[in-house]
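Just so it is clear, A, B, C, D, E, F, G and H label the chains in written order, and each chain counts residues from 1 on its own.
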Amino acid sequence: MNPPLIHQVLAQLQDGSLSIEAAEAQLTEYVRALPFEDLGFARVDHHRALRLGMPEVIFGLGKTPDQIAAIAERIASRGQTLLVTRASQAAYDAVVAKIPDAAYHAVAQIISRRQDDLPRGAGTILIASAGTSDQPVAEEAAISAEVMNNQVDRLYDVGVSGLHRLLSCRDRLDAARAVIVVAGMEGALPSVVGGLVRVPVIAVPTSVGYGASFGGVAALLGMLNSCAPGVAVVNIDNGFGAACIASQINHLG
Amino acid sequence: MNPPLIHQVLAQLQDGSLSIEAAEAQLTEYVRALPFEDLGFARVDHHRALRLGMPEVIFGLGKTPDQIAAIAERIASRGQTLLVTRASQAAYDAVVAKIPDAAYHAVAQIISRRQDDLPRGAGTILIASAGTSDQPVAEEAAISAEVMNNQVDRLYDVGVSGLHRLLSCRDRLDAARAVIVVAGMEGALPSVVGGLVRVPVIAVPTSVGYGASFGGVAALLGMLNSCAPGVAVVNIDNGFGAACIASQINHLG
Amino acid sequence: MNPPLIHQVLAQLQDGSLSIEAAEAQLTEYVRALPFEDLGFARVDHHRALRLGMPEVIFGLGKTPDQIAAIAERIASRGQTLLVTRASQAAYDAVVAKIPDAAYHAVAQIISRRQDDLPRGAGTILIASAGTSDQPVAEEAAISAEVMNNQVDRLYDVGVSGLHRLLSCRDRLDAARAVIVVAGMEGALPSVVGGLVRVPVIAVPTSVGYGASFGGVAALLGMLNSCAPGVAVVNIDNGFGAACIASQINHLG
Amino acid sequence: MNPPLIHQVLAQLQDGSLSIEAAEAQLTEYVRALPFEDLGFARVDHHRALRLGMPEVIFGLGKTPDQIAAIAERIASRGQTLLVTRASQAAYDAVVAKIPDAAYHAVAQIISRRQDDLPRGAGTILIASAGTSDQPVAEEAAISAEVMNNQVDRLYDVGVSGLHRLLSCRDRLDAARAVIVVAGMEGALPSVVGGLVRVPVIAVPTSVGYGASFGGVAALLGMLNSCAPGVAVVNIDNGFGAACIASQINHLG
Amino acid sequence: MNPPLIHQVLAQLQDGSLSIEAAEAQLTEYVRALPFEDLGFARVDHHRALRLGMPEVIFGLGKTPDQIAAIAERIASRGQTLLVTRASQAAYDAVVAKIPDAAYHAVAQIISRRQDDLPRGAGTILIASAGTSDQPVAEEAAISAEVMNNQVDRLYDVGVSGLHRLLSCRDRLDAARAVIVVAGMEGALPSVVGGLVRVPVIAVPTSVGYGASFGGVAALLGMLNSCAPGVAVVNIDNGFGAACIASQINHLG
Amino acid sequence: MNPPLIHQVLAQLQDGSLSIEAAEAQLTEYVRALPFEDLGFARVDHHRALRLGMPEVIFGLGKTPDQIAAIAERIASRGQTLLVTRASQAAYDAVVAKIPDAAYHAVAQIISRRQDDLPRGAGTILIASAGTSDQPVAEEAAISAEVMNNQVDRLYDVGVSGLHRLLSCRDRLDAARAVIVVAGMEGALPSVVGGLVRVPVIAVPTSVGYGASFGGVAALLGMLNSCAPGVAVVNIDNGFGAACIASQINHLG
Amino acid sequence: MNPPLIHQVLAQLQDGSLSIEAAEAQLTEYVRALPFEDLGFARVDHHRALRLGMPEVIFGLGKTPDQIAAIAERIASRGQTLLVTRASQAAYDAVVAKIPDAAYHAVAQIISRRQDDLPRGAGTILIASAGTSDQPVAEEAAISAEVMNNQVDRLYDVGVSGLHRLLSCRDRLDAARAVIVVAGMEGALPSVVGGLVRVPVIAVPTSVGYGASFGGVAALLGMLNSCAPGVAVVNIDNGFGAACIASQINHLG
Amino acid sequence: MNPPLIHQVLAQLQDGSLSIEAAEAQLTEYVRALPFEDLGFARVDHHRALRLGMPEVIFGLGKTPDQIAAIAERIASRGQTLLVTRASQAAYDAVVAKIPDAAYHAVAQIISRRQDDLPRGAGTILIASAGTSDQPVAEEAAISAEVMNNQVDRLYDVGVSGLHRLLSCRDRLDAARAVIVVAGMEGALPSVVGGLVRVPVIAVPTSVGYGASFGGVAALLGMLNSCAPGVAVVNIDNGFGAACIASQINHLG
């Protein structure tokens, strides 16, 4: 709650500058007036940055460029970090017309503009991917983590069928404060990485594969059943989600 | 087909010792008289050893001890290799009463008696397992392969979360002519092994695990989607099936 | 790698006290001699505590009491933390006969003995559960986290159908350094918690429910699809796994 | 049954104006002549409005514009309410050519024309949706309910990751006679709403989401397993179906 | 919220009998002191009857008889309706020792004691079941509805393969204010009933069946895809859940 | 409908022996009084034999011996064929106490007593099974077909991995008027049989198998996807269902 | 086998017009020379009409128009019935260029030309469909059955939510020798029909529906679990397959 | 490891031409410098041919033509065999611009160039397919096997519904050293082939089929549950994977 406001109402009531009825109305109003903004089709949660330590992110899929631009403008107008995921070029065109310094990351399909005074993450987030085709998801994680003001180290194409590629980079694994592992197909890489590092591993299954990969289900199940300790999983292709939790970890005091 | 018999009938026909009707009957009979034996509830395929290079195996699940013993006796009576999988102690008791030199392998749940003159496999079949709980399936594979007269090397509890346990045994991997990899949970071990050896890898998912392992489905999907070349998969917990194909490979001239 | 050993071999070679052949053999041996112990049915990974910051944990399901006691003894003999999950009373009886000061936590089904000098986690791990029936899984997480030397705060039976029970405890949520949320049925609690806190949320689906809960699948899917940022998921009923990653987070410098 | 007709036939039989054969024929005919109309490719159930209190609705998917227009014309010709769901612009063009006062609701993909004398629902149907992307399904429910002559209150974008958006509208929740809750992803909103209101909650899972949302399955399972009482579920994306049952509830005497 | 309390605090503040600090503390306390009771393993939600119009129900599965009895005693001590579902005879024995006038319904597996002054439902709830084996679920619905003070009409064993059994009871269908339809196997009965009545149909799939019924999944899917309007579905075997929503409907003013 | 009754009522009305009111009542009653018998927990459909050409069969699973015996007695009291499937020995004991000449078929788990004057099927129903473990399902089909008065030919253990066992019996295949094929595991036998015969093949998947057979799902899918024409499928383990349709085919004029 | 040929060879051998070697070669050749024709990419099974009583049908999906035309020409060149299912207009254009009197049925997507002397089915095949959107599958069944020379009666749009549409046509149901029931969504129609007729019911699930219909899975499961006797099921959308088995039934002597 | 390098370093150390520090650095470097090449988006594993006996294959799906061409050039520059699977015409155009003698196999969607001195497989790999539509997958296997320098025998369109097509080619089956069986729909062909040959059978399910084939799942399950010994399975449509393991088998000494 907001002690100053409550205190002020009560003080005004006590000194007679507010009637009981007015005080009651103001307190009731306060509870209702939590800071979100109603655009009709969306309720922008400006309170989120304060509450969760990260911005309200716009999930671009299924929204029109105009809807995205309208929400983006409300966020930017408050000076908050802007982050749009699954954003098409068309969405970017609509956004940049209103927010000229917004950037577009094509591989990651992200529109971003970072607010100036975000706190800096304490260490490095390493992002390992199993194959070349996992790159878009890995980049969604990398860019998202960078927008949240983290140092990111990319270690791509180090799948388990050629272990020497991963093992030759153990010093980079050891230097990370959190590791995101992105893999499709059988999703075995997090188990191997989880057996090598002592920091949390966030596993991201991708929909890369064919046949019995079932759009990422095989990788998802593999990661959920990992025999290595310290592995937790996010949704298929959810690079952004992995970046969120890794950033929260990296920002712990 | 059986040229001698056909030839003999035709010769007898030609020299008049057989009438056309008798020749016709004999040829028709021959086609029907392929060597299986009808026990009413089972048709024992004695022809299989000749045709496939391996005995007709009795799958013990869902058969009574008496049924198992009856089929086993018919196989043993021909001097063929006896192999009963998923066999309980009760089934063994029924079998050994009729076939005194039958052996029982409790962990593998196998009853066996090997015929004397089976050809010897050319090399060694290595059987790697990921964890202690995979041992029953691994032993089903190992005993089955031994009964089919193969040299077997057991390499157990070398799961991917502690890679050094596997990597310290690369010489044994390199020495195998075929590798069977048994793993539950995420089933990642075949991918790692498949990236290290140049011989065929037969992967056996096990039902070891809990939750989203779904009785071995996670391991099965992981293995089917293996990013390593040279990996093929058999049914969940099917140690015997893996031994069959590994033995066929090991017996190739 | 182990610089002292490498250095010593090279020095001995240089000063002539080792032949090239002997030096070669020692270096090769070193690579192979990574510290695990082979019990035949298990390879105990004593190296794990050093490598991952947590002990090799014994997964009790599918192992006999004797197997559990044998592995436990090897771990305890090195003074390492002992942690057996999914352990029956019978398993405890076998363990305590060898390790008299081992403790048993019946609801959590855990056998434990903590080594003295484990580092202490920096903050508190809050464990929230949705319903009374989720308690065994929540306790597996809680006891595991305590054995790894973390302060734990239990907040049980705060499911989303009576939100006031959770909202009345926001100060305890805000005080945590990591939150574990345990829920069955629709698994909605992590989304609500994830919308309230700024620290990582580790979600544990439980198999509590019936009908279309499919043994925890409904809760698992709900958590993977959480609309709240900062939520990652472990396997169904895997309280221990959640404790691992929460402890790693809580031990970050 | 239709007592007047039966009575009339019997009376005519008794007074001799009908022979037994004619009476028999008329009664048999009556049973067969229930009021549907056979268009060859469709049997329009004009009886439905009488029987079920709602019109025969045309499900637009998989029908050609011409088929839709033909059925629509038969319904409109009887002065009954017209409601076509999943209707494209092309379907509307075909319909409006025959029924000039038919309306088109583009977001909801509905063609409608309401008959004049429909009974009015007793209270208000509140339609809550979790996110912006759920709007098309929510609008299908809203427009359908309005066509069936109900007062509708729309409360959109109040998902559980920002609870204050929902809690600030509790008076609108309390004022409803039935609540429809539309949500994709983890589908947790109905559980929260079900814990706040004492009227029936009809939950509509949507196919909004990606990865392990499996086209709405995660939301569907979440809703079926809701821990809140008073929640029932309709098919994925079935806004119309939710409106039907909510309207029936709202029209109860 | 609770205007009297808020008003009283403010009045006391205004007349000087409360300091600002004390008023602030009381208001804060009020928000936290919502009426639930913490038993350690459970938080009993006494507020629920007021909020939702139905008691907090104890789901008996996975709770010990002692836990059930303890929660039951707290509920009964407030004079609220007691309802325990999925309750064994042992649970009843524990409850009745503390609450002598609690009743046990063996087929429905329900323990109950109804508070005196519950409001009466306006009409009748008809419960139709498809086959004899669906009876336990149908009875769970029937007893639950009766405990919530509704008139119940049972119409059992009227499955679609013998339609005349259902059609001969159309008057009873027409007389209901809400219909619960309980069916396993293909779950077709709700579609037929939904095509005959103009009141809401709550469909309950049961786990009755074998083979490809998959424990009720076939019936569940059938009901979700019902071609009849006005059908909503609850979880497999969830007779209680159907009673909840039917009772809410039947208690609407 | 029942012309004689209708005719009689009308005639009585015409000749004055019935009033209009009485005639109306009788006709209404007639419609309602279709011949089923209400036992409270079951509505016995005596009309079925007339309507469908086969008796109302009692599905034994999930019914108590007393319930089974009560229904059986009502059926037997009308002289109709009695057929109880999935019947335990205990159920038989209860039935035979009331119907002394009822027979029990233990492998098929069927209780039966055939009425005397059932029409005889025109030809032979051949029942082929793939393996010894499929015998219980095959026998359920065989006994059911015999009770419905069909000639049955059993051809067991002719699975596709030893084709000569099947091919040697082509004359028996050719002699059948309908073929039931019972198979578990991969369920390939119906495709092979369907490619050999010109009469309908009813395929019955069994739950025989393990691992990825998923309780008969693999066999079910195999049969549904059969590349052979003339194959239709019934539920997993539903030997009785296959017998029904095969008997209907065999009784066609 | 072909007695005349065998007899002839043996006779020639006996009378000296054939040597043993020549006779042996002819018999061996005979076994191999079963009448199929190898086009390289396809082996046309001309033997099928003789063996199965129906033509080798060309499944059009996944074949190029040229491939279809080539196979069609080989079949037509022998005067056999031509039937191509899932055939596009382009495929028809290619076929009709080679076979001028081939016909195209656009709704059913079938190319056909019937040979003159096909035997006539004994009775009528009734094809019932649940909704307008099921028409393409129903027509695939209808045209296929007509091409196989059966009388077909079409009864479309008689779904269970308006039972009177079906019940008004009971005489047509009673007149059929086999019934094909085509339905999507919940697939309940076969259960209702199976409870009304005494001839075999072949159920065809269609992929019509949305959401939890899962492309026809809901209808498929509903049909497999039908509580009515005498219902067997074919693959989703497999109208042709239903026609095959219905035609075989209708052609039984 | 690489004895010459290790030996050389140690020798140089011993003769004083290397300091301990330099030797240590070289050995450390050696371990890290395993031969892969980092292109940024890909790490080309040149070591693979040596390690696994087969080239690093480029999986074309999800890579741009430019990425494919870049990786291809690095492989070709070392004179290694080039094999790109799932390659479009556009990918080939990009590759051939850099590697003029690369070949394109359109049906198999493969780009290849074989290095000169590949060892020759010992025998023949027979590739059997069930239907014409399975040809692309069968060709992927065939071309891949040929590129790996194996003799290939193609036996297409020999599905189980016309067994004589397969049985007439038993000599070709018997002549193979390994058999690849490609089948969609019910996937029964491997069981039949596995019952006829004594060499390993690699089964490839294809996504050919419709309805309940579920994109190859039915065939996959059928093959995993094969009742024939000696059958192992690869992923759906994974012709290349089958070729890998068949080639490894064919290259065994």
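Everything that follows uses one rule, which is that contacts are C-beta pairs under 8 Å (C-beta built on N, C-alpha and C of every residue); 3 or more make two chains touch, one makes a residue touch a chain.
Note that the coordinates shown come from a computational prediction; the quantities given were computed from them, not determined experimentally.
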item	value
Separation of chain E from chain C in steps, with touching chains one step apart	1
Minimum number of chain-to-chain contact steps, chain B to chain F	1
Which listed pair, A-E, B-F or E-G, duplicates the contacts of C-E in over half of its pairs	B-F
Interface numbering overlap (same over half, different under half) for chain E and chain G	same
Rounded Å distance between chain D and chain G, as computed from the means of their C-alpha atoms	39
Inter-chain centre distance, chain A versus chain B - centres from mean C-alpha coordinates, in Å	51
Residues of chain B touching at least two other chains	31, 162, 194-196, 211-213, 217, 220, 224-225, 229, 235-236
Touching pairs - complete list by chain label	A-B, A-C, A-D, A-E, A-H, B-C, B-F, B-G, B-H, C-D, C-E, C-H, D-E, D-F, D-G, E-F, E-G, F-G, F-H, G-H
Partner chain E, residues of chain G touching it in the complex	130-131, 159-163, 185-188, 191-192, 194-196, 209, 211-214, 217-219, 221-229
Of all residues in chain H, those that touch chain G in their complex	131-133, 135, 156-158, 162, 164-165, 168, 208, 210-213
Complex interface listing, chain A residues touching chain D	31-34, 36, 40-43, 45, 47-48, 59, 61-63, 67, 205, 207, 215-217, 220, 235-238
Chain D - residues contacting chain F, complex	1, 3, 6-7, 10-11, 13-14, 20, 23-24, 27-28
Complex contacts: residues of chain H adjacent to chain B	51-54, 57, 177, 194-202, 220, 224-225, 229-236, 241-242, 244-245, 248-249, 252
